[in-house]
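Heads up, the next two complexes both have subunit A, just with different partners, subunit B and then subunit C.
And then the complex of A and B:
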């Protein structure tokens, strides 16, 4: 299912207008005081950080689980391992309409599989 | 022995190609769809002829990312590469950005050249759509500082770099260029075209346009001021700054 989401997102990315200023997205799981959290980082190909935007989190079926604000190129949210069991698709849309994504696969989450 | 047979025997015994330290990654530009690791094949070879030589465990093998250099020497696994001893390594790529893998080999005694050869070798692998740090200088004794991103090039593009020795540009440095002829798909009409030689300009800048997709090795060669002893005699030490650059097929 996560591959379906990947294909759809890739199609969107390819249809997008601005490879020259694409936004690169990376997400990782880090330990936090209140448990684990997903840390999302975004930056343009120029190295500059997008000031504002939103982060859309979907599960492997493509269901939107949550949206978060992107501030200074970053966002953090708690990791719900039950909801993320099949992996998470994390899309960043900047206020100037650039878009990129990162897939946290089950392997990235230490769940086995890929 | 006839003159013809003598020439044939000499040709068979001594490849006309140049020596190259080689670090060839399994993926020239790692995307998230490619996975989370890259496999490296490390050797000392004649790349056009796929003729391997013995590569001893290097003095140093590192990766530099975001200004931090990590020792990977202990992660090298012995392997046979081009029918000769070499190494492999699987590196887990944890963060986006350019990862510069570098090897400092132990000097190799080459009787045919009556000299030692030490090739400081590197390759740059960008990860997850981010190439920041691609032009970082590692501070190797001799090094090619790329002026062109050393990946993401079309065949036919030019690659430019600055030859540096002890941190300083080398005017009119000699740079050998050779194609990694995997599968022996390419043939050269003349031995002179197996290894091409170009010279840098007065600022140590060289330029080369690769005619074919694949991995191309650039080796800038200088002679060390010091000598090393072999059989009780002082011998010259060739210092090579090597970088491997991938050119892609136009699609």
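And then the complex of A and C:
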């Protein structure tokens, strides 16, 4: 039997700033009236939807392309295929300090590959 | 770049290194199993860069693209590698060796805390280092075999699986002999040994010390308190500690052993050799503790 209390206290004490929590994120490309959109969905493992947060979009080199608001667990933004040629890294940070990400590769964007 | 880790296998057949199927594994134990089953017929790579923990590694896009292109992606499952749920992996070429272990998984501690607008909430999950129960490790190897046989048609998977299972069974039997009777309390430096303890008669209490660091006075005081509370006379390290750390723990009257948790490759030898070495070291520490 694993001892719980002391280990948990130690873990919390030692983790410090790295104790960032994760949220499940999924992103996909969908057709919209104005063209292709990236649709981002975020949800905690409990099923709860994060009310507010931000979505940070980076290219394959790690350059931040844009930041969008997350509202009711979702965000959407137009797909710029030139900027996304190497894929997109999409990070969600909720207003209560949870974090998650999804990686959209060129294959996921329909650019060929596996 | 993905790091090729099974150097011995690769060096054994350099001429055959090209045009072989590529297998990417999320952690060392399943990479070892894949290497044993594929032999020289495939190139086995570890997805995680050297020195990184599979549990916390976040791949870049280029790394995910390489992983997606592999002929077979082998996962430990059981929640070990967070990144495997953060990108689309090709279902037909991905095998989760933890599938089928659900009834044997060990729930981890629940930590309730409060921050932000969410208020008080809890985090819980399951222990991830399933392979440290060598019976579960055998089942993971068996789960891997059919997918590997399909991905690497040139491999004698059936024969290799029999040899691997024989080795794992012998190790399992040796570990079974570690404790006779009631579970023995031990303290471990990291929360990785839930399955090892449950399988082999160890009543494990976990610290979460930084790898390679010398514990400070508060940590040593907590260790002393935990030893007094549990009756543990042995501290198990995940890796060889600094001399100063060993001396500080010895001053508390605790025997010490190194049992690699093996999510990453061991410093010396392979999975089987490291498990045997860990057993030998722990046997010696338990003997020291009763003197």
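We adopt the following convention: the second predicted complex is superposed on the first by the 92 of 114 C-alpha atoms of A that agree within 3 Å, B and C clash if a C-alpha of one lies under 4 Å from a C-alpha of the other, contacts with A are read in each partner's own complex, and residues count from 1 in each chain.
Everything that follows uses one rule, which is that a contact is a pair of C-beta atoms (placed from the backbone, for glycine too) under 8 Å apart; a residue touches a chain by one contact, two chains touch by 3 or more.
All values derive from a computational prediction rather than experimental measurement.
*Asks:* On subunit A, which partner touches more residues: subunit B or subunit C?
*Replies:* C
*Asks:* Identify the partner contact of A:102: answer first if only subunit B is touched, second if only subunit C is, both if each is, neither if none is.
*Replies:* The answer is both, since A:102 touches subunit B and subunit C.
*Asks:* Report for A:24: first if it touches subunit B alone, second if subunit C alone, otherwise both or neither.
*Replies:* After superposition on chain A, A:24 lies in contact with both partners, subunit B and subunit C.
*Asks:* Would you check which partner chain A:77 touches, where first means subunit B only, second means subunit C only, and both and neither mean what they say?
*Replies:* neither
*Asks:* Check whether A:47 is in contact with subunit B, with subunit C, with both or with neither, and answer first, second, both or neither.
*Replies:* So A:47 only meets subunit B here.
*Asks:* Can you pull the subunit A residues that subunit B and subunit C both touch?
*Replies:* 6, 22, 24, 100, 102-103, 107-108
*Asks:* Any idea which subunit B residues touch subunit A in the complex?
*Replies:* 32-33, 36, 94-96, 128-130, 132
*Asks:* What residues of subunit A sit close enough to touch subunit B in their complex?
*Replies:* 6, 22, 24, 26, 28, 43, 45, 47, 100, 102-103, 107-108
*Asks:* Quick check on the complex: what are the subunit C residues that touch subunit A?
*Replies:* 58-62, 64-65, 68-69, 82, 85-88, 90, 93, 106, 108-109, 111, 113, 115-118, 121, 123, 191, 194, 197, 203-210, 219, 222, 225-226, 229-230
*Asks:* Spell out the residues on subunit A that touch subunit C in their complex, using ranges where they run on.
*Replies:* Of all residues in subunit A, those touching subunit C are 1-4, 6-8, 10-12, 14-15, 21-22, 24-25, 46, 51, 60, 62, 86-89, 94-97, 100-103, 105-108, 113-114.
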